[in-house]
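Structures follow.
What follows is a pair of complexes built around subunit A, which joins subunit B in one and subunit C in the other.
This part shows the complex of A and B:
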């Protein structure tokens, strides 16, 4: 291993961080009327960052004295995150105006969160991991409270912050235990030390479990999911969309790297933990979701359940499993972006409505919106020929291939239960009597997100290899 | 011989036509013209697909036992999952059934569907595409994609255009079938991980070990039994049938139920022979219970559609009975029974639809004496009713007779019980017919109803012809089916089945010619 800075590898992160600071200064002088321009500029910055990533060599390289790593896995996940961030920026431009919370901090905070997420997936050292995670989390806490005049938004932010701080504490505690036993925070050193140990000291396992618990909190898997419904419901919808889309991918990618690089030789230990977490998430997501009447809460439970599926792929412990998780997360992210575009369209007389029953008879009033939503819901419940089916197919295939039949059976049965609430949305849109009209105008950004997500979930079946081979490329760099 | 890719054309043509239908637009106030154009375009599309179906049928070579019109392209190549299509004697007829019933469904909805006509027609065209795909797919994952995708248009058809309890019925239909389907998926993935391929012919050629077969078989069984439907998981069917619009019932009874039987014939039997033998008694007893129990339930129904729905469960019982006898006659009978039931039950639901459109009730007691004011209707209804009972000379007889013949060779006790179902079948169908068509004209509005109009005649006439033709010349079907089924039977010949259970395949031809001559 070379002891070099290799700072050139961090160009995308540095670029976005610098731009964010420039925007901040610009915003301070120009005030809130610059928000729209800054949002566009932020999208543009992320596009440039994506371009830089595409131009870099994806062979495994280390930067900042092994603190960070750039390989095909991190590059591809960063690209996925950038897509998600751009989608959520697009979704909320108009929304911020409508809710009169169009402040220039919004694009800046999103960009900092973006940098945090990109650093997370590149982390090759526990400290780098912590720094990236906290940069992201602190931005998210502030974003949750973005509508500072709303009581709910404040409540959501407080809950998120307190529980998030608790999980950060657990993360640090776990890291210190690992450091105590291994004597290093470097992923490679931990991996080598662990694989040379004959017996795993219990304290080490405890440390690993603490770290895992903290990260499971970030992806909102049960039993650390409590914050999700409240934050989803309380935060301004445009920001909920951001929460639902990008950070989960980053946190899951972080878990993947952590499990398959430093902790790969204690797979027996972490598999038990994830087994439990996965089953809990599947059941919680499926059953509790049925009782929801608020559509944002429903999507919170849906995301809990979907994390359960993603973890099934991780438990498989194979390269195919990891690539299935990447495909699953990409598809899930795109479906969520589309669904939130529809939720953001749910406005009557300029006021956002959030009850599932407000969608009543949408197929009469706005047929195209209703059909897109129906396709998204069928896709979410994993019905072919939509992309959502393939996400689940790859995950279950990995699980069955590695002999985890019980997990696969619980997974498919949970998907039947969860299908009930996705169907309910379709039922309300298509079978029920029309309610009052939604505001007709849909801005261009939402249209683009809606049609791109629809195009993706329908088009996936024709070229499934396109996505799958990218994911396989990403997974191969971890093995 | 090289053919154009007819199977792909038949799958994608309805989809393309559905997109075209979606694009039919008009000025404000032109709704009637738009509706008319939509109907004509859909009918034309479905007839176009039917033409391709007939072309396939004409060019199908009965002397080749292997799959024909094969198309094999890479799809998910890194997993080894391919876009592999092909048909044999079994799937040929299910494809024909799908392409034949879709134009009839569209015609049957010509005047009865009044709201959202465009969406309705699109749903049927998409449904047709998925149905054909299910029967021609030769890759198990591809099969699964179509098998489950069928739920989407059917769910919407029941839910949007259905009756009073449509929401309950559509949920029940969707969730029951989905529950079975996901287990089927796990079974398929298990086979995939063991054998390393999802290609159906390769899976048939490489059976897994007997212990694993049982688990996979059970997973398959849940799915196909729900779809079939077999007792005790049949309860979604009466609800779905009663609430679905007429054309929805037609396609549900005519094609969707056959997917279960097709699944048994394509997956369970050839891929899992040891497990199939092990579980055969279970299936046969369930079939007998289905036949007797649902026949008795049918006897007391007051709702016409519900009665026919329960009779469908009973008739499907004969199919499973025939399939799990593992004999040439039984399998031929099962396939024939499915084809014949597809035509007859479709026709019966259309007959119910005819009177429902006039009186808007399915209550049997609201009718009576229709023979006086609707003589043509009474005649056609009688032909279908007798075919459903299994009168010799109609297609219903051949299917039931051959299935029972197969069952008798496998287990005399079970077959004896099952045969009583034929009597019950006659009882409830004759009772239905007597109460609706004969008797006093107690209800004034029922006595006022007009006889069949030209569209209704055009729908029912081809079905009458088909029912009688298949009853008199069953060999036109069997000569193509037998080569395919004999391959399945062949697998069971050298297993530990008692010798007297398996006849040589020549016997069947003699039996058939006798039938034909008797009924002529």
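This part shows the complex of A and C:
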């Protein structure tokens, strides 16, 4: 029974988990004044973990009795997640001080959430999937409630927790149906069993739909998106940035692995579900976003819409589709990190302001910030020289190649509608009467995130094939 | 066989009735007590299934810890349960509709349930060698070996839950007078007692 422990493959996760525990002990002795140092140390540990991932062999290998798999897909997604976690840690260092919620548990919880996400991506067994997902979700629930003095933060956390628990219940119910049919939780065994079926029994489909519903909840795609605007708005902004950046990538990667490994032979079943989810998300994200006046809510709807695009690539059902989703998620993550860096700069007299109208006339007061935000918004709405255009282009390309014209057309139309609210931000910044000044001081970490994301979205056009080839390498390990 | 069937219907019947009482009882303390009764009965059902370990865990964890905690919360918190209940009846029709749809779907799934041709084969893969030993023994054989990953990550999840509970509830309150034994013992007369010369008739 002990044949394939292969624990060495889990080095990055084990390293981060151990460091998180060390930091917790350190924080208990040093108190909340150590938060800054611990945030930096956490960034450093994630960098080391990324280095370990880069050094390991990316051929498909199984660890811990086939519970986990390490392949180029999981390794590349883990690297993307690490970039996202580092960016959100950087964004929130100063923010925690400004909001007086600088507590040493913050980096520790982020690190555990990171471990959970990395385990999700590597899951090769329903049990491992559930454990990773819960580790991540539980850390996120606590983080949403991190600002105890804010009623909204508590409300957001309560909503998130109750709906999250409900979705976990659906996930487990779906898994139990799959287990009841197949007799195993292992992805490979499920794949082999399903591929030899002649007819698909209803119980199997129902189980698969339950699992998909729960996971679609985690990426906040449309019929299961109700929590997103409230949680985005209520949670402290630095933590909202984390919600928007990292967990989406992990959950989407989990969905990709689930659909293309165990459920690959019932693709025509899950495609119908995703078709519906994708169109719903596109429409909700585009149309409801127009009515928003709070910028955090706006980004919540923007993320709902963007998940719709990502799912289009999955429905294509090809290797090119999966790699386009990976590129899309990377670009989306980096654009979101940059946008949240700008949102976190929106402070007047030390108090955060969150209305879109507060940005008015930013180009007169802080031209550099305004131009960066304008570039990010152009990129978000998919206007050519910027990276966001390519993300959407690859996804639509994959959909058209596999014959899903209707989906591609709806996607393009939704992106035109969504362009309205992105461009409105630019209009408010450049052509409206200047509002009061924002606080000028922007800390180093935010500057770094801002300029790196700007560099990425402008520089992408020079090397699009380089990023695409990395994503293709990742996708190839699933097929 | 007859005894088993009788035991099943007894446990299942009391379980359903007490579950119904949990949601309908007026007094919240009664609700919790009915909850404990339903836990005991579901433990009985697990014993009938041959899962005696889960039955024992059910009694120890759910009855011993969870239900007692509920009881504490119900009795300590100053919540007016009648106010909470106000308006809850408005949701009954919707709840009944959703519940009956779910019930219908479950009946539909399970009455046409079929196993995949290789289910027995798949089930045999992980196990083997568990004949003639008890539940707890069998779990002990695999939990630290085959399922060590799930076991460890469950530990991490509990750890995060603990950190979360502390983050959300622990406050350092100022102005609380605590006994600081170190300070008390390291206090010297020379630090605090001041001798002043006072000339008679002038006062301090």
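The rule is simple: the second predicted complex is superposed on the first by the 476 of 479 C-alpha atoms of A that agree within 3 Å, B and C clash if a C-alpha of one lies under 4 Å from a C-alpha of the other, contacts with A are read in each partner's own complex, and residues count from 1 in each chain.
Here is the rule we use: a contact is a pair of C-beta atoms (placed from the backbone, for glycine too) under 8 Å apart; a residue touches a chain by one contact, two chains touch by 3 or more.
Just so you know, these numbers come straight off a predicted model, no measurement behind them.
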item: Subunit B versus subunit C as contact partner of A:172, first or second or both or neither; value: neither
item: First (subunit B), second (subunit C), both or neither touched by A:273; value: neither
item: Between subunit B and subunit C, more extensive residue contact with subunit A; value: C
item: Subunit B versus subunit C as contact partner of A:180, first or second or both or neither; value: second
item: Which of subunit B and subunit C A:352 touches, first, second, both or neither; value: neither
item: Which superposed partner A:383 touches (first subunit B, second subunit C, both, neither); value: first
item: Intersection of subunit A interface sets (partners subunit B, subunit C); value: none
item: List of subunit C residues in touch with subunit A within their complex; value: 105, 108-110, 112-123, 125-126, 142, 145-150, 153-154, 156-157, 159-161, 163-164, 166-168
item: Subunit A - residues contacting subunit C, complex; value: 1-2, 5, 17, 21, 24, 64-65, 67-68, 103, 105, 108-109, 112, 115, 119, 127-128, 131-132, 134-135, 138-139, 141-142, 145-146, 148, 177, 180-184, 186, 189, 192-194, 196-197, 201-203, 206
item: Residue ranges of subunit A touching subunit B (in the complex, touch as defined); value: 378, 383-385, 389, 393, 396-397, 400-401, 405, 408-409, 412-413, 415-416, 419-420, 423, 426-427, 430-431, 461, 464-465, 468-469, 472
item: Residues of subunit B touching subunit A in the complex; value: 75-79, 141, 144-146, 148-149, 151-152, 155-156, 159-160, 166-167, 170-171, 174-175, 178-179, 182-183, 185-186, 189-190, 192-193
